[in-house]
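Look for subunit A in each of the two complexes below; its partner is subunit B in the first and subunit C in the second.
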Partner chain A sequence: MLSSKHFFLLPALLTLVAIILFPLLFTVRVSFSSWDVFQSGLDFIGGRNYVRVFEDDRFWQSLQRLSLLSIMSVSLQYTLGFALALAVWKQVRGGRLLRVLFLIPMMTTPVVMSVIWRTVFHESLGPVNDILSAFGVGPVPWLSSATGAFISVLIVEVWQWTPFMFLLLLAGLVSLPKEPYLAAAIDGAGTWRTFWQVTFPLMAPITIGALIIRLIEASKIMDTVYVLTSGGPGTATETSSYYIYIRGLRDFQIGYSAALSLVYLVIMIISLTIIAKLLLRTLVGKDE
Partner chain B sequence: MNKFYHTLKTLFLLGWSIFVVFPFLWALSTSFKDANAITSGATYIPWVDFEPSTQGWTSLFTNGSQGINIVGPFIDSAAVTLIASLVSLILGTLAAYGLSRFEYRLGFVKNADITFFFISQRIMPPIVLAIPFFLMLKELGALDTIFGLVLVYVALLLPIAVWVMTDFFAGIPKELDEMAMTDGCSPIGAFFRVILPNSVPGLVVAGMFCLIFGWNDFFFAFTLTFTETQLLPVSIVSLNSSVTPWWSLSAFALISVAPLALVAIVVERYMSRGTMSGAIR
Partner chain C sequence: MIKISKFIGPATLLALAVAAATPAVAKDYTQFGIEKDLPGTCSYEATDAKDYSGRSLNVITHAIPVIGEPTALHAEQFAALTGAEVNVVHVPFGDLFQRIMIPFQSDQNAYDVLFYASLWIGDFNRFLEPVPQKYIDSTGMSDVTDSFTGVATWNGEMIQYPMDGDRHYLKYRTDIFDNAEVQAKFLADTGSALTVPETWEDYNQVAAYFNNRDWDGDGELNYGSAEVAKRDDLMFSAFISRAAPYAKHPDVKGGFFFDLETMEPLINSPGFVRGLKLFVDAQKSFPPGGNNFGLGDEIFSFGGGQTLMSYSWDDAYVQANQKDSRIRNMVAAAPLPGAGEVWNRDTGTWDTFSTPNRAPYMTWGWSSAVSQMSEEKEMAFDFLCFFANEANAKNDLQIGRFGVNPYRNEHLDVDFWKGQGWEDKTAESYVSTLSDMEESQNRVFDLRVPGVSQFMSSMANGVAEAMAGQKSAQDALDGVAKEWAEITERIGKDRLRAAYANVVKLEDNEG
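Right, the complex of A and B next:
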């Protein structure tokens, strides 16, 4: 029976179900087919695609690389974002201007900025090696060596997304209660102790939320990699999404890439759930 | 705070500010260069290091072999982003209000599960949906159209709108609705006459996040449009892989990121007022 309460929920719910759920179910069906360049359409080949996923070293390596990249970039973003938020939290000169400035990178389009970063990291014509050479360093093979390319992607990710951490953490700091700080001041606690015993514990819920959101977004990374390094050199910066993209939309192995993407999705959901539980237990000291 | 801390803090803020503005300044300087100023190695300051030229900027507004017109992609990007954000905001606000005020039940599925269903869509990697979206839009004849992209972007942005607005409505006391309803409003009337006018801060925050994620998406535009509809991120990437000179690329990049950089000013205002804290938990 339809009543006014359904007027509110149903339009959104039906839209999302129609746009997301059917494609997802379709992907499940496609993953059991041999759909590729030569044979298009839905046949049934059982779990053969899935067996191939488990034997595909390139996929598992991309997953390892993705984990390393996500964990490193999110930890850096969190640490730097928290430091920046603390630095502008209390009155500083030009605080307003700094806050706006620090937010800007997250408003910019990742691929557009990656086009710029590519010129920044250019080995012979870019400014980074030019500046480094003034200090007698270099030339650093930023985009043409495995380590250099990985670090370049890391730098761009930190530049782009530290503002998001800064935004969440500063908003959290602004709404903290005043009383615990009075108590700490009466106890004569210094800056350092006040941070670890008052600020950090009070910020734990926001910390968890911010880390999870960023890990979710970081696990999907592909735009930056596509423009900056195209996964290269070799496969040095190839993330899982990018590898699945190559298999699916470049080699047109539709069936196989469907299987890959579902395995990837399940691994993401499981590992993010575990990480969320671990964070809750260590930072808040309880389950759920 | 002692002097050491203070110096450290100032240096840190200064260093980070330089890091943040560096790519923008570099792009700005590059956009005024010509071939000589680029191929001779890194140069920085116009008139001192190189003789500025405006060809990077003029090439964006001319057609033909020299030009790479930015106007078309800009309009397409704006249209897709604005329509999709508006639709998501309307649907998302209604749903969020429903979820915060009424009880829904479908078998074992309750309000919390429905909210989770909405928000959990953010976990979905775009690549998982890309191929089915491609086939679905092909079926609908909506590939390479603004309509097709709007459809996909609504799925992308709706979870964000629901997420921000659910938290926002949780902070508005239910007495406000009840008062309106004892005054003779229907639940729907109460929502439009009383709740909605009081929800502007939440709507602004949700709307901004929709704009950011819509304007900045590359992957779906890249896989679902080709020539008829072209968004800014896709155009710049195709320019990047051809032989487009750095000065045009830089000017193009600066124009495409400019509109949202202005959004940062609005976000800052809401954030420092503390209005944001409820919305982002």
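Right, the complex of A and C next:
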């Protein structure tokens, strides 16, 4: 039975409805309409947009590309982030300064940094090829070849988001109990063995959380691609979110882009759930 | 004693007589940053006489720079002169279309005045207020060239307010093309004389010859051609410039992008395919990374002296001729290269032309309009009339970053450009190139129909696939044609045909 105390839940409930439920339900409704540049309003066309999504090769190719990019970038971010966190975990000289320095890329605006990276990778006027030419290398087609452009996007992503991984993992390392390390030391375990048999397993829950958070974020990559390559050359760096942006905001196919977004959302929820379960099973050894 | 009162009458008469005989001293408006006010319907003086105190105008425009900057400037001036409150909203290009379209579609009176890309007229026309006759009769408007009057017109009615004129043309380095030593070497090496390219095949050949050489002797390598080749960054315009002379037959009427009668896409016809093959081939003469050049890179590359030739809008030309440019007055303008063979879709054959076929491309350009829903239409049109008045237009033309280019006959005046410090050839070639485009009977205009962004985005994707080697030119354009047919189906053939007829009218010189 409702009592006065339940009314205290109302603000939170209303906020939830306003910022999550309403936009989501509205998007679902829009996805069943033909709302387009020449057709305004919410008519009903059934599942036609969804049929189109399943026939849209460009969308599925962009999804494959996104999967590859996300897995590669998050793996690299995790490896580098963990290495950096381990490096400053123990008391090292200048550790505090290093921690701040490592966090700078994450605090910069992605669009601005992408513009700067675009200049850095500029093949005839940028500094990277200039430096490489001093060693007789290049010019490297950073943005004008399919592989180069993919690697460039990957580098920017890793540069920008490794600090986030570093931050999460460092917080995890700092919170680890000391006793297992004392026990390992008494048993005569070396650094390598201590890492694999103590640190890594203890960090597993934090690792899973960090990987999932970054995978969610990485799968939304848009601004870096937009500024750096516009999805090109050809479609070499076109990701799902950039493709949805083109269909929705450039082409103004609102109904169709709503259907694309929802299909994308469902795929993401399913695949991230599967990934989380697999990680749990692999790293923690149980399926919770 | 002399009575003062006796003098008052004659003195007053004398004062009035002197006042009548002396010409009125024009009010000084130089504090607004102009050289002087110029006579005209919406001059500073005429605008100053209006009082819009207590009323407000909402304007949406592009982010600063380009058209956002003159919009902000003239809004501030208009507010100071009339007492109106002018609220200007600046939006990045990627958002501009939807920020205008969503209020239109949801019947919200969000903005009175809109600045946007002129090719969106196909989508916006049903929401725009026709320009009233008194503004059509205004001094500034009557001097707008026929092309840009056409660009502002829809179904015989002017619904956009012209304030910019854009077209593509060729830009090249005169210090190389006119250099006798270079000419002799080119002749010896290639067996042909070095001339300004007449066809796109010539263009590619000259660009390839001069590519990867330090032909300006500054110790840095130079390159053949800078082109806008980055997908989704106006690359569609570059492709159309290249394909137009092969696909736009002067004797074939009734559509360039579509066959107006059947609304079948022509984008994969042999003329377009030839243009795309040459575009793909031209990549070898681009500077490193040139196939990822957006408009800004193209301007910087040619305007900065890195490349021998380029083609696009005026920006690179203006930048190359700015006072601080190291290639100032070393560049000239010429018509876009043409084609020796043109696809005739009526006969299904290639026709040979002894004089290359040219198809000048009037592309893009900023435009402005007043919303039908506006409750301040008169003030809105007054603002646009003031924005484009004679003094402002001349001032805006001189500032490259404003993105305002010649659109009135008076702007095609060699002396005006010489007055900017341009030497004879630089000024004369520029004016004659632009003027000849106005006279051409074989022009191409943008695809100004509903869903233009969908068509252009699809085309850009296909062209980008061919440029990246993912598909052959034919396969890529077949894919575009298939997608265009699907878009046509969704829009409805009849609706599209009715809109496209406006474009065909301009291209077939019936407008």
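Following the convention adopted for this analysis, the second predicted complex is superposed on the first by the 279 of 288 C-alpha atoms of A that agree within 3 Å, B and C clash if a C-alpha of one lies under 4 Å from a C-alpha of the other, contacts with A are read in each partner's own complex, and residues count from 1 in each chain.
The rule is simple: contacts are C-beta pairs under 8 Å (C-beta built on N, C-alpha and C of every residue); 3 or more make two chains touch, one makes a residue touch a chain.
Note that the coordinates shown come from a computational prediction; the quantities given were computed from them, not determined experimentally.
After overlaying the two complexes on the shared chain, residue contacts for A:7 are found with subunit B alone; subunit C is out of touch. Judged by the touch definition given at the top, the superposed model places A:232 against subunit C, while subunit B stays out of reach. Using the contact criterion defined above for the overlaid structures, shared-chain residue A:124 touches subunit B and also reaches subunit C. In the overlay built on the shared chain, the residue A:249 is in contact with subunit B and with subunit C.
Ranked by how many residues of subunit A each touches, subunit B and subunit C are led by B. Of the two partner chains placed by superposition, only subunit B is touched by A:24; subunit C is not. In the superposition on chain A, contact is made by A:141 with subunit C only, not with subunit B.
According to the touch criterion, the shared surface of subunit A, contacted by subunit B in one complex and subunit C in the other, consists of residues 124-126, 129, 226, 249. Of all residues in subunit B, those touching subunit A in their complex are 1, 5, 9, 12-13, 16-17, 19-23, 26-27, 30, 38-39, 41-42, 44, 91-92, 94-95, 97-99, 101-102, 104, 114, 117-118, 121-133, 135-136, 151-152, 154-155, 158-159, 162, 186-188, 191, 212, 215-216, 218-219, 223, 232-233, 236-237, 240, 246, 249-250, 253, 256-257, 260-261, 263-265, 267-268, 271-272, 274, 276-277, 280-281. Considering their complex, residues 34, 36-38, 40-41, 58, 121-126, 129, 139, 141-144, 146, 149, 226, 229-236, 246, 249-253 of subunit A touch subunit C.
Residues 94-95, 97-98, 101, 104-106, 123, 223, 230-233, 287-292, 294, 297, 300-301, 306, 450-451, 453-454, 457, 461, 464-465, 467-470, 490-492, 495 of subunit C are the ones touching subunit A in the complex. The touching residues of subunit A, counted against subunit B in their complex, run 4-9, 11-13, 15-16, 19-20, 22-24, 26-27, 30, 80, 83-84, 87-88, 92, 96, 98-113, 115-120, 124-127, 129-131, 159, 167-168, 170-172, 174-175, 191, 205-206, 209, 213, 216-217, 219-220, 222-223, 226-227, 240-241, 244-245, 248-249, 254, 257-258, 261-262, 264-265, 268-269, 272.
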